[in-house]
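Just so it is clear, A, B and C label the chains in written order, and each chain counts residues from 1 on its own.
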Amino acid sequence: MDGLYHIIEAQQFSREVMKGIFGLTREMEQVVSRYGSNILNRRIMATLFYEPSTRTRLSFEASMYRLGGQVITTESAREFSSAAKGETLEDTIRIVEGYADVIVLRHYESGSARRAADVAAVPILNAGDGPGQHPTQALLDVYTIQKEIGRLDGIRVALVGDLANGRTARSLAYLLTKYEDVKLYFIAPDMVRMKDDIKAYLAEHGVAFVEEEDLMKIMPEVDVVYQTRIQRERFGDRIADYEKVRGKYIIDPAAMAVLSDKAIVMHPLPRVDEIDQAVDKDPRAAYFRQAHNGVYIRMALLQMVLEA
Amino acid sequence: MDGLYHIIEAQQFSREVMKGIFGLTREMEQVVSRYGSNILNRRIMATLFYEPSTRTRLSFEASMYRLGGQVITTESAREFSSAAKGETLEDTIRIVEGYADVIVLRHYESGSARRAADVAAVPILNAGDGPGQHPTQALLDVYTIQKEIGRLDGIRVALVGDLANGRTARSLAYLLTKYEDVKLYFIAPDMVRMKDDIKAYLAEHGVAFVEEEDLMKIMPEVDVVYQTRIQRERFGDRIADYEKVRGKYIIDPAAMAVLSDKAIVMHPLPRVDEIDQAVDKDPRAAYFRQAHNGVYIRMALLQMVLEA
Amino acid sequence: MDGLYHIIEAQQFSREVMKGIFGLTREMEQVVSRYGSNILNRRIMATLFYEPSTRTRLSFEASMYRLGGQVITTESAREFSSAAKGETLEDTIRIVEGYADVIVLRHYESGSARRAADVAAVPILNAGDGPGQHPTQALLDVYTIQKEIGRLDGIRVALVGDLANGRTARSLAYLLTKYEDVKLYFIAPDMVRMKDDIKAYLAEHGVAFVEEEDLMKIMPEVDVVYQTRIQRERFGDRIADYEKVRGKYIIDPAAMAVLSDKAIVMHPLPRVDEIDQAVDKDPRAAYFRQAHNGVYIRMALLQMVLEA
């Protein structure tokens, strides 16, 4: 794990690095079941959130506490009084690095995590920079597939919903190129289809993909259904279109009936109604387990960067 | 204390259960005077507040820290980004239970603590659900009477102020039915008199109560004066009525002069001017001690549910 | 250090007391480099902020964590639900002292820290009370000069920018009267010149001072340039005046070229553009080190008041 210091973007993780992270993540599950460790005792993590993301913040904070560390936190840019007075992100980082041993940054601008890392004397963990990256989410998604299905090579994944704007679906497609014999199915309304940049990237890296209209046809063929939320705003005035496509892509008991017994359903959450609540009790509904995996992944990353 | 897991409503506490809680609460006062314990070391409490209640939140957090635990916190629904996107309370609970070993929930809707408990894999502590319950406040009130007066059987308590809307006065009346030979005095403006449901409940459980107009007449007869705030909003346009009743029910040095030497004045706080600040130095003014008892009660409950 | 309990205003620190504080502060730098101590284990600090000041809050919280303590925090008056209902500061203090062993207070009203101390049963640390005092900032400024320049007696300091409204510049001038043979240079636009009360105070205490127009003329003569932000609002409609004076008082590479090799540039931060970012890499740019010193000063104060 030499060289793991700043965590900025999914591209920095090779297959080998991910193997190391996932091995440590499995150990972290044991640590939590023993109510934590003291390995980061007396270390301080700053959660510097320029936009609210409560789940991500709480997940990081729980991770730090499980390892015996402490947290200083600021929850929104509106509250960050210095930013309101015109302070640059770089200045804020140079101040906060005097308070903490690691900084978790959430920002509304793409590229801000990289800017922070360029000046920081402590590790920066990118917790989402606008439409850009959210690498810890991408890692926990891949980890969840590995843990639930038992392999990543040869995996067949259906990405469903808003594939144009959903940061998570795009990142997952990206990371899966690191594995062999992967096949992706894109199931999205016309308005929010997977963009050409990712398709070109997949083609270049030898990942097979198909675009499909019919969710029910694909359900029996895949190991993973990765559902995402379709935002009404994307459809503007075309509300009838929105209602139509939305209805077509809901995971409900009927869809589950044709899903393989060993397959799983994932979702980055929050979920609205694109997965029927009747599905929650199905053992193949993996989305809450997926959310919980975020704590273990972040514990592994915190330990790695603070011991680097 | 078998079976103490979720803390949802005052009704779940029998006289026997309260005796057990109060015994542990007394021990907790000793723990705080020794600057805390480590019994909940490496445990995490989530304070999930859908509406702000700073005192309640800080009191719970202090309780957890005094026992060596850690806290992850979210202060308001507006900040809870997932809720803003339409996530249900149930989904939020199923995510946060992956981050914490116990969840303290404050919510604006009656019944929400019960809904949370129905899906939660960790204990839920109700820190107030709208007009519904606030059981830790009710317990600390009863504990304060026990500690200050030395008994609960045979106690005479005047409830003063807004008895129609004040959640605390209603809960206290409810819990006191568990004790013998209790007598209650209701002293409230017409607009905000104690409601019939509580009166019927008291009658059914053999608790004597009277409604009185004259605070000064009652002061010498009681062990406890439980004052509450009368909210101007309840009177709408009838401001003259509001000003008149308000003046009648202020606890000031003149009222204290006729109160028994061994009696006490309580208030759930915040206090505006319904207790004259000149009363604060009187040793019978128990309201700040009452607030501090909240930490000990919550420590006892946290230890009980986390060791259950 | 007998008698150090509440930290309310710069006036309470004699030269001798500051010497003691600074000695302990130097030890704290060692403590942080060893990742903290456990001396305040199980102690709780409440940060009670009636107006946001993220840097000050995070700095205090980091200080408490570095010493092994815990923190309960409220970030803004708007969120402080009891205050919204009309609770007095005094009542809030009497409640929170039941939750914490020390209270750090930030308030928008001058004199509020003194009011809090008058009723508090635990130490109050003033983290800024409106236009009034911010004594921990004043101490960290003096500490920074001592540490960077190696002495305080005989020091020559240029105070630049808004000297009328800048609380920090005024406090620094005040504290420097405790040392021998100090000379101050005031370099400020007419609208925001140093006020007569401070000048009279300096004259009375034998501190030499001059008012100067030309920053470049003064740069070679001083040990410390203490830059502050000029707020546009102070100039009302006179925007042309604002732009003119602002340009005159920017610290840029040209200004640094005439500054002594052993001198330093300080700034209370946040900085907008009154110090050119090109200066940041100059070893004489001490403003980020100055901000970091705040953690050590606050650690020293927390240890002193909690062991008093």
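List of remarks:
One rule holds for everything that comes next: contacts are C-beta pairs under 8 Å (C-beta built on N, C-alpha and C of every residue); 3 or more make two chains touch, one makes a residue touch a chain.
Not measured: the values here are computed from a predicted model.
Viewed as a network of touching protein chains, the structure reduces to a complete graph with every chain in contact with every other. Chains compared, chain B against chain C: the Cα-based superposition rotates one onto the other by 120 degrees, nearest 5. In this assembly, the C-alpha centroid of chain A lies 41 Å from the C-alpha centroid of chain B.
Across the assembly, chain A contributes 75 as residues in contact with two or more other chains.
Touching chain B in their complex are the following residues of chain A: 35-37, 52-55, 58-59, 61-62, 65-66, 68, 75-76, 229, 269-272, 277, 288, 291-292, 294-295. Those residues of chain A lying in contact with chain C across their complex are 41-44, 46, 70, 72, 74-75, 79-82, 85-88, 90-91, 94-96, 98-101.
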